[in-house]
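In order of appearance the chains are A, B and C, and numbering begins at 1 in each one.
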Amino acid sequence: MDKHDQAGPLRRLLSRRSVLAGAAVGVVAPAAVASTVPPAAAGAAAGSAAMGITRQITMYAEKVGTGYGYGLEPGKATIPGPLLEIYEGDTLEIELVNNTDKRLSIHAHGVNYDVNSDGSPLHLSYNEPGETRTYTWTSQTQYRAAGSRFMPGSAGYWHYHDHAMGDHGTGGLIAGLYGGLIVRKRGDLLPDRQYTVVFNDMTINNKMAPDTPMFEANQGERVEWICIGHGGMPHTFHLHAHRWADTRTGYLNGENDQTPVLDNKNLDPGSSFGFQVIAGEGVGPGAWMYHCHVQFHADGGMVGLFLVRNPDGSMPAGAQDAIDRFKQHGHTGH
Amino acid sequence: MDKHDQAGPLRRLLSRRSVLAGAAVGVVAPAAVASTVPPAAAGAAAGSAAMGITRQITMYAEKVGTGYGYGLEPGKATIPGPLLEIYEGDTLEIELVNNTDKRLSIHAHGVNYDVNSDGSPLHLSYNEPGETRTYTWTSQTQYRAAGSRFMPGSAGYWHYHDHAMGDHGTGGLIAGLYGGLIVRKRGDLLPDRQYTVVFNDMTINNKMAPDTPMFEANQGERVEWICIGHGGMPHTFHLHAHRWADTRTGYLNGENDQTPVLDNKNLDPGSSFGFQVIAGEGVGPGAWMYHCHVQFHADGGMVGLFLVRNPDGSMPAGAQDAIDRFKQHGHTGH
Amino acid sequence: MDKHDQAGPLRRLLSRRSVLAGAAVGVVAPAAVASTVPPAAAGAAAGSAAMGITRQITMYAEKVGTGYGYGLEPGKATIPGPLLEIYEGDTLEIELVNNTDKRLSIHAHGVNYDVNSDGSPLHLSYNEPGETRTYTWTSQTQYRAAGSRFMPGSAGYWHYHDHAMGDHGTGGLIAGLYGGLIVRKRGDLLPDRQYTVVFNDMTINNKMAPDTPMFEANQGERVEWICIGHGGMPHTFHLHAHRWADTRTGYLNGENDQTPVLDNKNLDPGSSFGFQVIAGEGVGPGAWMYHCHVQFHADGGMVGLFLVRNPDGSMPAGAQDAIDRFKQHGHTGH
């Protein structure tokens, strides 16, 4: 496998199409994140871990401003780090290069790893300053345990983070060493855009309003939100004018699915979820807010904008004024 | 549409019956809340937003004690405000009259609205003191996105609140500007009684024990709880001697549904859920407690009573003594 | 029924087998908890509460170190108390002996009880010092409410706790008066091992690292986690290298179940959940961490070990070193 392929040319072709089992290509390149590892080519049949493929990438932990981030190329680390994607059954081998002067690691949620790839000081699974170390994550597909009971597979909206600045990565998390990890099932709908939103203490992606990310889409695009909680405080993620089902995908599963539909969901430390919405569907374009619904967190700066442009990409009436109001605002508790 | 019809005479007739698609009337008038907007007449076929109806109501934001509330008639505002109900596909046009000297608005969860009805200062979507402004909420039914994946509709136990005293309504929420909003699917079971419970910082509906609401029902009645979280603290809602499934309705959906059953659920700021139980089923009548299970919140006064009377409405043995004990209690952390 | 039968000899025979409706025996004896009440013999047909059986046990509330605990024999109280298990439809009569000098009680989640067995001071439902009192818990099976809607039964991973040191048991909970309660459906898979994990303020089972419980299993064993939250703080439970579905059982329910799969879940006061995993599946043996993912809680000592031994019970390479590192550690926020 080629490392770091960005798959840009394929993005338009594949948007809004699901990747079917056995299809030759399963690549999505989001427009709204700095860098992304697309899911591996889907040459394997569905449901068979043995037929998954192995991908190898190199990640670099580096200084980003006053903090630290992960990146796919030297000098290009971001906070959050690149959004990683695989399909159930795939393996991801991450060669982590520590270009900082701190001990750090990479610990994943949702996937399988042995103790050497746990990322914790408990297992001496970390990189000393300047050190390079490989972490291997595998994934599994669901299988029947008994009757209608299935042992779950790895598919989900997960995340990765440092677990070695301190025993549990507290220092790395404060600094920005975290990112999203998606394990898809073959057949899952692929999005046009992807946004990683990390509620980390009083920040979103280590930023406070008005410097929080403004995610952009054109009305009608399918956008995917990956929401992650970190730090020491409870949070609730609220998105204005859009909603999702509390399932693995955010979609209801069949006509009679009675899963609750949400527009506000707990995002406490270590938790993550994701969903897809059609930008502006039923509500129109505009600069929609997303924010923590804990009131003093929102007032303190845990607010960002989801700019839904007109279908042709032009600016909707009034949106720039709203953005300007947002930018002029201090969010200091008023 | 007539405004503010309370549908009192219809209540008994309709209790315990589900409203079927195409049925002529879909009205429920709860006994336990001060004022309620019943769901619109269900003349439309199920599953078609286009066939929903439009209802127009006027709401008044006013002083209530030392706080503020919403009401359906001048001088009759309550905390929480009236419980609003529509069916998926319906539209609700709310003419909000601001009879206070503060800027305020009404912002909804779960339904659709354009930026002008967002209720946020970001979009200048608010009422200045003395001002009247119309907010329009639409709702959508689920539709097939692809395969068995359905884009969710608006049905759910939602809520509305001020979003303009401060950038995110923090001031309005503290004062009491909040209420419940139910979007039903046609065919949903209708309750005999409805209770709106808002955990708002250290209060329930801005009250502390022993002044918190005592909800009443006769044993065997189907009662509906609408639970809403607000403020800056995490909460968990616990109801004694009753339980519900963690689905949209609180019922399991089919004989093999493996959704968790709960009697204690997170109710963090901005979140909401609802469920129906049969009062006293399997446990008998009595003055049952509901409370926040965060211990110092309960001890501090986040406790109320659910009085299940005998089937004939008479007082169960011992219940008055329990109520008296509750009333005599200070709930000051002991 | 014999009281307190530990069913040791039956354990091996029954491990990994589900108890079928109508089967004669439904007993599980966990290896990792001090004492357990196994589920009642399953002589009744599935789905019929009327055919459930009644079990009688005696529990003793006593001093345990500087706190209090429940036990099934005098002088053998533990923190947490014994894991209680019944099948839906069964009744549990608990004769509680209060061998302390404090007022206390036992209050259950998930099951049915009348006001006399509520366990709260509101109903004078408690034991004075030295007093013996019987609490009766019944349980119910689901039944059809209307259409595909079912009123839920009592099956679930629940818990019990004091509700009478203070109005809501705050004093008893701090001291250790809590335990797990499982209500199974006939046909549920039975585990080889069971672990009760209570996140209670800054402790796990009233212990802090490195004194927190180390749960042990051999690779390939089916282990059941019962997770309970108590106290005044929000928590999230994270288990390394294993995951579960957010269903009643932790298993997906059929091949197309889209319930989210988790390895980190809110465990706020009064809440509980449970799940089964195959120890070390896909990841191998080792001393895996479980911890609260609220960072300062983990750093402060809310961490324990899940020691997955080799399939033959021998110590995996490196595991003792990891345990030694854990034991030498102060967990004081570094």
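Convention: a residue touches a chain if its C-beta (ideal position, glycine included) is under 8 Å from a C-beta of that chain, and two chains touch if they have at least 3 such contacts.
None of the values given here were measured: they were computed from a predicted structure.
Asker: Between the chains shown, work out who touches whom and classify the graph as line, ring, star, complete or other.
Answerer: Looks like everything touches everything, fully connected.
Asker: Same or different interface residues for chain A and chain C, judged by whether over half of the residue numbers are used by both?
Answerer: Here the answer is different, because the shared fraction of interface numbers falls below one half.
Asker: Quick check for you: after a Cα superposition of chain A on chain B, what is the rotation angle, between 0 and 180°, in steps of 5?
Answerer: Best-fit rotation on C-alpha atoms: 120 degrees.
Asker: Quick one: chain A and chain C, Cα centre-to-centre, how many Å?
Answerer: Chain centres of chain A and chain C, defined by C-alpha means, are spaced 33 Å apart.
Asker: If you look at chain C, which of its residues touch at least two other chains?
Answerer: 148, 234, 249, 251, 253, 256-257, 266
Asker: Residue numbers of chain C touching chain B in their complex, please.
Answerer: 109-110, 112-115, 118, 120-123, 138, 140, 142, 144-156, 166-170, 173, 229-232, 234, 246-249, 251, 253, 256-257, 266, 268-273
Asker: Would you mind writing out the residues of chain A in touch with chain B in their complex?
Answerer: These residues of chain A touch chain B: 18, 148, 187, 189, 234, 236, 238, 240-241, 243-245, 249, 251-266, 278, 281-284, 286-289, 291, 293-299, 303, 318, 322, 325-326, 329, 331, 334.
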